[in-house]
Amino acid sequence: MDNKILHTRKRYLALAGVFLLLGLGLVFLPDKDNKKEMKPEHLLAKLVDKSRFISTDDVADQLINNDPTMILIDVRSKDEYDKGSLPGALNIPLSEILNESSTQVFQRKSYDKVLFGNSDIYADQAWILLSRNLMGRTYVMKGGLNHWMETIINPTEPNPAEPIENFELYHARVAASRYFAGQNTAFIYSDGDFTNTNKKPASSQTKPKVSTPMPVQHKQAAADEGC
Amino acid sequence: MGPLIPNGIIDAGWSYLVAFIIGIAFGLIMESSGFSSSKKIVGLFYGYDFTVLRVFFTAAFIAMFGLLYLNYAEILDLSMVYFPETFLTSAIVGGVIMGIGFIVGGYCPGTGIVAASIGKIDAIVFLIGIFIGIFIFSELFPLVKDIYFGNPMGKSRFNELLGLSRGMFAFLFVLIAVIAFIVTRTIEIRVNNKYAAENHGDQASAE
Amino acid sequence: MKEHQRTDRLVLITIILVLLVAIALLTYKAPRLVYEINSDQVLTELNQQDFLVSVDQAKEMEKDENVVFVDIRNSGEFFVKHIENAINVPKIKLLDEASMEMFEDDTKSFVLYGSNHRAAAGPWMVLKQLGIENIKILVGGYSNYQNFGKAFPDYYQDLGEVEKAQYDIQSEISRVSAKFAEMDKVSGDDSPKLNKTPVKNSTPIQIIPVEQKPAADEGC
């Protein structure tokens, strides 16, 4: 009887030894906290394919159609922002782009966040910082505010020799320019990208656009099972 | 790659089937460890049978090894594995209540179901008691709400509370487990031999 | 006898477990490119701005042997014209093993340039975050280099010029709106309009952060 116990004991001792070794192995393994980040190769690929750019025309289009899923973010300093920016834009200066409060904005998965500055260089830098931390659906307005002024507010008339698409674009831009340059009366629309004569004129809203309070989701919902 | 369902590798609809299969495995292992016998379970508290301790400690550190090694090899993403938040007051109060129920009734919820499924009547009664208890708790919930939500510590990890790294904590855990096994084994033999001696040579089974 | 069977099974299971762990570890390959700097540090570096090389500085540096100009445009554009003694590493190949080895050479410093400023700024940031220290960007890229000496906007000395507001928004808008008012005084005007009234003085979206209440999850 005793021998049997000792015999089985030997096996158990061996097992215990194996487990102790496994545990010891874990001590020397570095603590891996898989922070959710975009891999460098992936980030570079996205930089090269330029899918993050959105044209000033698209931004104008979405603004005019009161697209509720677009958030405009001005990355310039507060002083510049106060002097004038795009309608409805938030101000998050580049230096604050990684702050806790900014993260709350960029984590909203159901919004398109469009970054812009005077040009698109600073906005692009902001985009890279945000994309590394996997804040998706972030875009850069090509050309920034300077380009906005040159295409939407003050579009240049194309030469007579240019193709008709350029003229259609020009007309659309002039219409947008009217919209943004503070005209109050409604006219009948003629042609271009901002079509839709069926739309009724939007009532002038003075209420601030308030986003529906969404709980900030930090990670994908893991299976919420208990024991 | 893992965990499979949160990462979308397996469709979420499979989760019930997966749970079912895991449940079968759970029942199988519980029963083959002898946990359908309340005498075996309660032996932990009376000191003559430490099987419960051995099984649960082993399960814990095997799971720990699996999680930590797979996390290192990036087969599993540990940050996506769910664990509930810690509410200290309710954990302690609930633990005391369950401990009392354990000794008095001879089962805990999991083993109670295992025993009931092999037809033990006392286990079936135990399960009825569980449901009555749940019902009482739900009805009295407004009164106990503060205790239930008391002392929230968020998603706290034991190794963080002790200030150890995960690997170090795992190793210490295994060390303590092995020491506990040796110590409890000695106690078991002593107690059983004493019992056997008292009963005139009737050797109680060591396992 | 049953005892032995049980321990045999146990030993078997343990061996399988150890094998699984071993396989998991052996098949694990640490990723080749690992971020060395986190985003906040890059942001501070960006603010310091001493990683920029203006075109006139670049012309001086061309004579320095330890400075390597890296042209990140594709090989076709490089072939047509490039800075003397520059090497060509197309953007997509910047993270390849050979290229990374080159960048890790401490004795040289590298100046990246693309067709315009933005083309190089992005890859520069990625390389910086991977721990490469001795890289800088040529202000304005190759187009700026070619236009050296010309007036803005063809050539600019530093980033501040480009990222400066070219127009005062309020005055521009008033000017354009006055122009439209003039045009509309003339009847029969058929310039395109919209049948929409604009959102006047729209205030920015307010994102309301919601506190996470402790969810009562089911335990065991």
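The chains carry the letters A, B and C, assigned in the order they are written, with residues numbered from 1 in each.
Basically, a contact is a pair of C-beta atoms (placed from the backbone, for glycine too) under 8 Å apart; a residue touches a chain by one contact, two chains touch by 3 or more.
Predicted model only: the values in this text are computed from it and were never measured.
The chain with its Cα centroid farthest from the Cα centroid of chain B is C. Nearest to the common centre of all protein CA atoms is the CA centroid of chain A.
Two chains share more touching C-beta pairs than any other pair, namely A-C.
The centroid of the Cα atoms in chain B and the matching centroid in chain C are 50 Å apart. Centre-to-centre separation between chain A and chain C, using Cα means, comes to 14 Å. If you average the CA atoms of chain A and of chain B, the two centres end up 45 Å from each other. In chain C, the residues touching two or more other chains are 3, 21, 217-220.
Residues of chain B in contact with two or more other chains: 65, 69, 72, 74, 84. The set of chain A residues touching two or more other chains comprises 12, 19, 22, 224-226. Within the complex formed with chain A, the residues of chain C that make contact are 3-4, 7, 10-11, 14, 18, 21, 31, 33, 35, 39-40, 42-43, 46-47, 91-92, 94-95, 117-118, 121-123, 125-126, 129-130, 159, 162-170, 172-174, 176-177, 180, 190-210, 212, 217-220.
Those residues of chain C whose C-beta lies close enough to touch chain B in the complex are 3, 17, 21, 24-25, 27-28, 214-220. Per the touch definition, chain B reaches chain C in the complex via residues 62, 65, 69-70, 72-75, 84-85, 87, 109, 148-149, 152, 154, 207.
If you check the complex, the residues on chain B that touch chain A are 3, 5-7, 15, 19, 61, 65, 68-69, 71-72, 74, 77-82, 84, 165-168, 170-175, 177-178, 181, 189, 203, 206. Residues of chain A that touch chain B in their complex: 1, 5, 12, 16, 19-20, 22-24, 26-34, 36, 219-226.
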